[in-house]
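Provided herewith is a single structure, encoded as structure tokens, for subsequent inquiry.
Labels for the chains are A, B and C, by order of writing; each one numbers its residues from 1.
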């Protein structure tokens, strides 16, 4: 009896295991890993695409940001990468190119005139060592999203200089509103903007490339000092050191906080959730003493597995052409904007991403810090960052602390 | 016997040996692999401050769990060992958190600690201490203890059951004899219950130490090791080294250290349990 | 003790009050989960307190979590894995324990120690080698790979509990059976195993809990959304943007139902079965 039950269970298990494989016969199956915050937009796109192309099946898996980073690395080390996957660019994307895991799209792009299709800035961000390491999706820049209704209520004008920004924050603070929402990993965004404010462009770039000494940078000290001052004044939510990105955004949606430094994904989210568009707006963080300055930016892309077959690649490109076609953009208003396609018009309800590409074009951009600085050094950075805010490391010593790990990193690589 | 051993060996022992070997190499998981001897270990113990914090946190965690989880579990087991109406229901209630996955525990307790809308915040307001405004998980001095509270809630159920099983195995005659001798409740607790539970204590301590060394998911969900690495544990740091920094060698070295610490605890336990044969 | 039970007894009252209070405190977290599960997103943003009953309870959250949130799928996957893994795991670890306690295997102590070492290993250690092996064999994204891995990880604890329990079964039984001409398979299957019901129930509950809740191994070996089990399914509610806390908490409550049912089914043997582990 026991034996029978067991053999039954075993057969059952075997069948279940095999049923996955059996499906693979009929059509081209593309596996695709993508972040959860795109799920709302991408699920319908995929469904619609598959309805139009019954011979192509796209299997998407959605991961949170942190998982997205670690799962692709685990898959890389065991040879189980999907056919295509989302990437933020920078060191995160370079890793796969360095280790020969991705398909170099340079030739494909040339043959298919991508230079007429995609913004040059975005293409450049997807280039590593002469290879085109991904299909550019979005050019993302970090700006200040704010609650228009709260600004109106307290008579605050949109700030254009650092002084005005601080004045606005003080007014909000006096009225019981937390000026800036964020959480510790994203406070880096405020910090790098302040770093840009206090340093020259060359110095900022050299710091990111680990060419300049973090310990000897005057701008590093000043920016940490300013941030500590803001933190002590209560410019940020109380739980900032143990929060997460969705909580940070929730404070803005609930009106507990008035501003947040975010990428245009925020605009997509507001549209996707049907929040009142009239309540939100954006302005450029005054990252230069004159006002507007360079913007922290990165290209979001899709990378392709180097083992992808021509048949699959053709199917994949068909999918991406559909993804960003006028038809799809109209049918799927939650697609992340602005896209990296030349001449793509923003949907009308995308007031919140309007003008962003122009801003980057006008003022230039610097790499978002965690996309350029290696993960080990960033881990130290975040720890030092927390300690500066908590007062256990003086802002003057913060840079030198991080520099220790920069040296370690250089030694090991 | 053979199939069980085979599955176990292929799934657990072989990969573990592979990982110990890996700890003497430098490898990013994909590219070139270089032998570095003991360098990974030397660096961990001499230069890596995060590793040292993590090791210290694990040791603190062991002490906390041995003191609080054990006494909580024993206390509950003593209460539930009496016969009274609804006993099984109460047992189920106290065991209940153990049925939840760490992901769920993390989600629940993150809510509880939220300084704006969380449970503790509401509680403080309710008793008029709203102005205290403690930032629980954001305070590196208490964050580890806050995470531990969640773990305490979750992990009391299992040792409680061990103790209940142990208490049931104590012969009644012992207590009756003690009563005849005029011993009070406290005295029979100290002189009968505790010594009779000796073997139970051994398994409870061993399992608690093992799980204290492996603490990972709850930290991952609640704090990701922050603020300022104050809640970093060996398992969470190993995960970052391996999967975020692609330092498979260093990650394996941390895992090996974990194994060694656990063996120090568990080998006496194993010898003890197999002694009777 | 028996005779005081029916009289009023203030000691007893104190006992009841204190244990009930303690139980209530113990349940507060799960109660907040419940209250959250019937709230809408706007309830949060408009600042309805954590302990306030919402104006319009959103019972629909449960349905949405079940269908839209795909809890039905995640839970079905979890059940498939558990129902294959747990009986097989019980079979293998009880056989192993049987051999160790009954068959005069040489070096049985060494083998037992070898098995227990598995309890000490952090699972992260095996992730990469196992993942490499599975991908070479083409077994990623199959239930079989997951079930096989879980059986391997579950063997130490199962063996520990069964071994302790079997040790408590008098050896005289074996002798009697052997005289009756039983071979060891029949001894195992017709005599020892039926006596070990409490231990089986115990391992069933514990194994079911561990398998149902396992997060890390599953998240590496299964990358298809359609094959995820419960913890990772729940995490996919946790979108980077805008978590719907009501839906998430409804999902949490739904995910608890199967483990609760399992516990209630087997709990009457539970404490007794545990004694195997305790007695060593």
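In this section, contacts are C-beta pairs under 8 Å (C-beta built on N, C-alpha and C of every residue); 3 or more make two chains touch, one makes a residue touch a chain.
Please read all numbers here as calculations on a predicted model, not as lab measurements.
In terms of inter-chain touching, the protein chains here all touch one another pairwise. When chain centres are defined as mean Cα coordinates, A lies farthest from chain C.
Set side by side, the interfaces A-C and A-B show unequal numbers of C-beta pairs in contact, with more at A-C.
Averaged Cα coordinates give chain B a centre that lies 17 Å from the centre of chain C. Inter-chain centre distance (chain A to chain B, centres taken as mean C-alpha positions): 35 Å. Among the residues of chain B, those in touch with two or more other chains are 29, 239, 248. Counting partners per residue, chain A has 74, 77 as the residues that reach two or more other chains.
Within chain C, residues 44, 47, 128, 235, 238 each touch two or more of the remaining chains. Chain C makes touch with chain B in their complex at residues 1, 12, 15-16, 19, 22-23, 26-30, 32-33, 36, 44, 47, 49-51, 92-93, 95-96, 98-100, 103, 105, 108-109, 111-126, 128-130, 133, 148-149, 151-153, 155-156, 159, 164, 167, 209, 212-216, 230-231, 234-235, 238, 245, 248-249, 252, 255-256, 259-260, 263-264, 267-268, 270-272, 274-275, 277-280. Against chain A, the residues of chain B that register as touching in their complex are 26, 28-31, 47, 50, 113-116, 133, 135-140, 143, 222-224, 226-229, 239-240, 243-248.
Those residues of chain C that touch chain A in the complex are listed here as 44-47, 80, 83-84, 87-88, 91, 127-128, 131-132, 134-136, 138-145, 147, 189, 193, 219-220, 223-227, 235-236, 238-243.
Within the complex, the chain A residues that touch chain B are 66, 69-70, 73-74, 76-77, 95, 98-99, 101, 184, 237-243, 247, 251, 256, 374-376, 379, 382-384, 386-387, 390, 392, 408, 412. Contacts from chain A toward chain C in the complex involve residues 2, 5-6, 9-10, 12-14, 16-18, 20-21, 31, 33, 35-37, 39-40, 59-62, 64-65, 67, 71, 74-75, 77-80, 82, 245-246, 249-250, 253-255, 265, 269, 272-273.
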